[in-house]
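First, the structure itself, so that you have it in front of you.
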Amino acid sequence: MVDRYFSPEPIQRALARELYAQVKDSPLICPHGHVDPRLFATPDYRFGTPVDLLIIPDHYIFRMLYSQRIPLENLGVPRRDGGWVETDHRKIWQTVCDHWYLFRGTPTGIWLRDELRGVFGIELPINSANAPALYDAIVDRLANPEFQPRRLFERFNIEVLATTDAATDTLEYHRAIRQSGWGGRVIPTFRPDAVVNLDTDGWHEHIEQLSRVSGVTISDYRTYITALEQRRTVFREMGAKATDHAALTAFTESLNDREADTIFQRALKGETTVEDARRFTGHMLIEMARMSSEDGLVMQLHIGSYRDHNPHIFARFGRDKGADIPIRGEFTRNLKPLLDRFGDHDRLTMVLFTLDETTYSRELAPLAGVYPTLRLGPPWWFFDSLNGMNRFFDTVMETAGLYNTAGFNDDTRAYPSIPARHDLWRRASANWLAGLVVRDIITEADASEMIVDLAYRLAKQTYNLEP
Amino acid sequence: MVDRYFSPEPIQRALARELYAQVKDSPLICPHGHVDPRLFATPDYRFGTPVDLLIIPDHYIFRMLYSQRIPLENLGVPRRDGGWVETDHRKIWQTVCDHWYLFRGTPTGIWLRDELRGVFGIELPINSANAPALYDAIVDRLANPEFQPRRLFERFNIEVLATTDAATDTLEYHRAIRQSGWGGRVIPTFRPDAVVNLDTDGWHEHIEQLSRVSGVTISDYRTYITALEQRRTVFREMGAKATDHAALTAFTESLNDREADTIFQRALKGETTVEDARRFTGHMLIEMARMSSEDGLVMQLHIGSYRDHNPHIFARFGRDKGADIPIRGEFTRNLKPLLDRFGDHDRLTMVLFTLDETTYSRELAPLAGVYPTLRLGPPWWFFDSLNGMNRFFDTVMETAGLYNTAGFNDDTRAYPSIPARHDLWRRASANWLAGLVVRDIITEADASEMIVDLAYRLAKQTYNLEP
Amino acid sequence: MVDRYFSPEPIQRALARELYAQVKDSPLICPHGHVDPRLFATPDYRFGTPVDLLIIPDHYIFRMLYSQRIPLENLGVPRRDGGWVETDHRKIWQTVCDHWYLFRGTPTGIWLRDELRGVFGIELPINSANAPALYDAIVDRLANPEFQPRRLFERFNIEVLATTDAATDTLEYHRAIRQSGWGGRVIPTFRPDAVVNLDTDGWHEHIEQLSRVSGVTISDYRTYITALEQRRTVFREMGAKATDHAALTAFTESLNDREADTIFQRALKGETTVEDARRFTGHMLIEMARMSSEDGLVMQLHIGSYRDHNPHIFARFGRDKGADIPIRGEFTRNLKPLLDRFGDHDRLTMVLFTLDETTYSRELAPLAGVYPTLRLGPPWWFFDSLNGMNRFFDTVMETAGLYNTAGFNDDTRAYPSIPARHDLWRRASANWLAGLVVRDIITEADASEMIVDLAYRLAKQTYNLEP
């Protein structure tokens, strides 16, 4: 277990163990993720049941069970229509444990196992027979004040944790955290997708809310931009270091103000076309790069997720229910209009994430290897796994170089899984470096520097997280 | 040799050996392949010469020789125009052995070697000098009644073997097998491509034949559907558990009956357009899913082969002569219309096969990881190889999970190569699992379950092959 | 160090070492590259400073430094406008050494290190502190007549070196080499891109130059073809064995002479459209295949580089400055028109290179595994690296077979890096073969043949380089 995830070859393994030992206990830098800031707003936040904590919010888990014909209702996933779902959490837990074999060899399976061991100190294997005992053990731990989020934050040794917050968010919980006097560093991230992507469900309401929260009456493209800039300022005042943008493709296109306003006016009237939405998002990515080049917020781009692919799940349970599916990616041509304007900019940093691994060696590594603004984010979503990391190292590093990458982020809503996720990255990194040393590609001295870069420094530096 | 295909690292190798030992002698489940049912219709079927058996029907072998400028005529591949081809099979065999070095490191090379050893008990290396001795040895074996197909079926320990049969097939050989009283389980598979893909050579004749064999006069879309349903019933009565569909792309689209009939009528009149063919196939895939959801036949989809790419080979030698070339694949968008209607269906099982490996981690594994109807088939065609399997394990399993895959099928017309192909899969599986155990990703107990799933249970269960 | 780049597993490593020993000192076959023939035209050519030799011409190096915000001016890269660039080469060298950590784990880093050791005998690590000493040591070596290009040619044991030369090149340096009586074999390669791709900067001037150098007044498509044929004859007389063609995509299309002339006339008038350029290139690839099928020059196709992606770098520094980015590739459909006509031709050999690795297993290996004219070139550009080679072996060889590949070429303008590049290939090849032997896929006897094929014979045979 001490050698988890390392190559079995003894020399490489020994070296990986040494490198890992250097960073095993380094503070965690969490520059991108989806933990709810509410957890930290008051000192006495409690997580609810084991199912509330570990199952209902985790689409990695319930999508897999659904794929094997277990209804989401039986797992307690709330229905949009308020219809029946299982509320007996012991029963749900039993169902999950009965089918735990489905997760053999998956990162989801690994994270939960490592989390139970590492965070909760529970060594029992997850299976049908152990289900009740596991449930009781977790309940027991959660009753202990040591398992309150702030205490875990300290135990996890988190140096900084960034949440992801809508452009329209009032940041009240972030404000509460700051005002509470607690020392944990929790910062927001500016995510304007809902007001930028014209085809978002409820775009009008989001725009109205943006007006309200910014104090800028949005009547046209100009005031819309002003409102966004106002919000970015507020986010920065609350400690934000980055923005985040999701788009189906990396398509970018510069519109002039008149074109942008024409599309925006159509949207206000509810007359958006598919082409409008595509062009407006493409334009706004460039506009966001412009703002970042001015205010210094690091710009994150998550490309390639076809959201809510399964209409039955969406109709019944809503968004983010494990039914987002990647599509093919293209960056060389799509990003060119943005890069033509901002690719060489002094102050801009853009971190790119992909769901199409073929773009790593073909497009992203070559792009990051020449454009000063670009950094490649770590393997995202389905690829945040041992194989995903290995392929990332093998397809990115030779061409982009380690120093055009952005270190790790856990990108999770599952707060207690954070240490397990960083641990996997650190072990995978150590093993990769050990593989380079035993092949005489780098020296041990190089590896000692690089493991700290991978585990700690690159994330901190990319996101300007010096205190 | 006992450790063939395993990692050289001793601990992993030892573990792989143990896991493999558990399934080495398990019965073979062969749910998809192209063995001719005639082989089993009479007890005394004989294979002909070594070249009849091993060379002339094997496009893997002669395409490679052709690529090195050996004319197919010299290999005895029959010409469409009946023109000269070599008929001296000893001479052909010598030519093959003279060029056997071309197959170094290829699965084709491996299968033939393993087949000679395992099935025929011939240890002589394949090369120029040994050619005559090899030929004689094979002739000798084939003269022995032990090498009749039914005897081999028993020796191979085949539990069930599915053939692939046109929708218009009378299934007379299957009927003969059943009536013969022989205990071997050989079942048909319903493959309607020739009547579904409007641009198939001779589509009209196939439709006429479909009318004849089904007893339904096909005059429009409605009667066409009725005839297909009739055939499915007959196939099911003859033991069929599955259908099989090949398409250039995974494009699907629901047409209403009127649209479908309009296209169908144009086809009857010989006025099919390229777009007609594309849309009709896309529609029929959904229609076939509908039928499968009703009659329970597992639906197999083989996507991405550009058939008969080389016009010279096609003109001279016809179809299936090793000149089919893969194209880029797309599933996320293409399959959506089908999945919107049947992706969550209670009774439907769809098994997907791809020739574009990039779709595994990007699209297929995420899709199979959420849609209850989907299973991923094993690596197909060019990817039915050690590297293909390793990449399949590494790109599919973390996201889809083992239990959304369909086990192995040999997909071969080369009957005596069946054990060698299953053996490669079983060894590759054992080695993959051993790699997970030594990295502490799964336990040995997990691996012991998973190896049986991979080698036997998943195929049996996916295709409903319980007796 | 003796086991550099080999697997750490002892049995595989020992075997790799043995195989490598067989070819370590074999002569270098260099059938494709960009070394300047001027180096060999006179016996006393000198390289200039270490920075002239190693930094300023090497876009692999300065693109990476630029990506980390070091201006190309500071690295001495000449500006198109003649504006200031750093001329203190010691200072440039120091800057490079200060940032050498950026190259950790990259092939660029490896090559320079291996080159300093192997060619210059300098063991000092590259870092800030050692910069002055390194500079002095290189200066010292370069002053020694042993480091003149011809002497290095002999020391490197180069059997033949092909340069790459514009169709309009007078080949005067090649002529000088031949007339000098020196025994080194340096041959030209016919590269007509600048007169074939209508959208090339300065196409008109290139056409005028082609008229001049060929003595054929180019007024229409017919005379244009005649001029090209004339040049090919001259190149062949000067020893050329191959042509080379770069195209953004592999699109091919046969135009009739009238269509081709119409487009050509528009180009002469400066009225070329984007579509014209695309179709004309697509047509000329087929036309070049036609010429090769007649004159026997091996046709090389380099597909997929989006040239000069960064407009700021292009505007300031011009072409070939490390800002070319790959795009997605497609061969199955794009090459079909060419292959329909020449894919089975007796005399034609086409060597394909890709920047989209996904095309290897999906399209290129299947194509090369059936078309007699096709060979696959080694990993190109960003993929000329240990990982690139490993992926090439794993995705190409099972399907194409080793003997449909073209061996290695170094494709470099960095003359002193040639031995390091071949050494990497030879080591990677040995390690790959050792991996096959330890898995009982090939025999040691096979491996002993194959290593010589990989290191020496395949390149020599593919390019018809027998003396």
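Letters A, B and C name the chains as they come in the text, with residue numbers starting at 1 for each one.
Rule of thumb we're sticking to: a residue touches a chain if its C-beta (ideal position, glycine included) is under 8 Å from a C-beta of that chain, and two chains touch if they have at least 3 such contacts.
Computed from a predicted structure; not experimentally measured.
Student: Nearest 5 degrees is plenty: how much rotation brings the CA atoms of subunit A onto those of subunit B?
Tutor: 120
Student: List the interface residue numbers of subunit B and of subunit C, divide the shared ones by all numbers used, and answer same when the ratio is over half, different when under half.
Tutor: Mostly different residues form this interface, as fewer than half of the numbers used are common to both chains.
Student: Using mean CA coordinates as chain centres, what's the subunit B-subunit C distance in Å?
Tutor: So the centre of subunit B lies 40 Å away from the centre of subunit C.
Student: Residues of subunit C that contact two or more other chains, please.
Tutor: Touching at least two other chains: 7, 9, 358.
Student: Inside the complex, what are the residues of subunit B that reach subunit A?
Tutor: Residues 7, 9, 11-12, 330, 332-333, 336, 339-340, 343-344, 346, 358, 361-363, 365-372, 374, 394-395, 397-399, 401-404, 435-436, 438-443, 446, 449-450.
Student: Would you mind writing out the residues of subunit B in touch with subunit C in their complex?
Tutor: 1, 3-9, 63-64, 66-69, 101-107, 110, 125, 306, 309-313, 322-328, 355-358, 382-383, 385-388, 391
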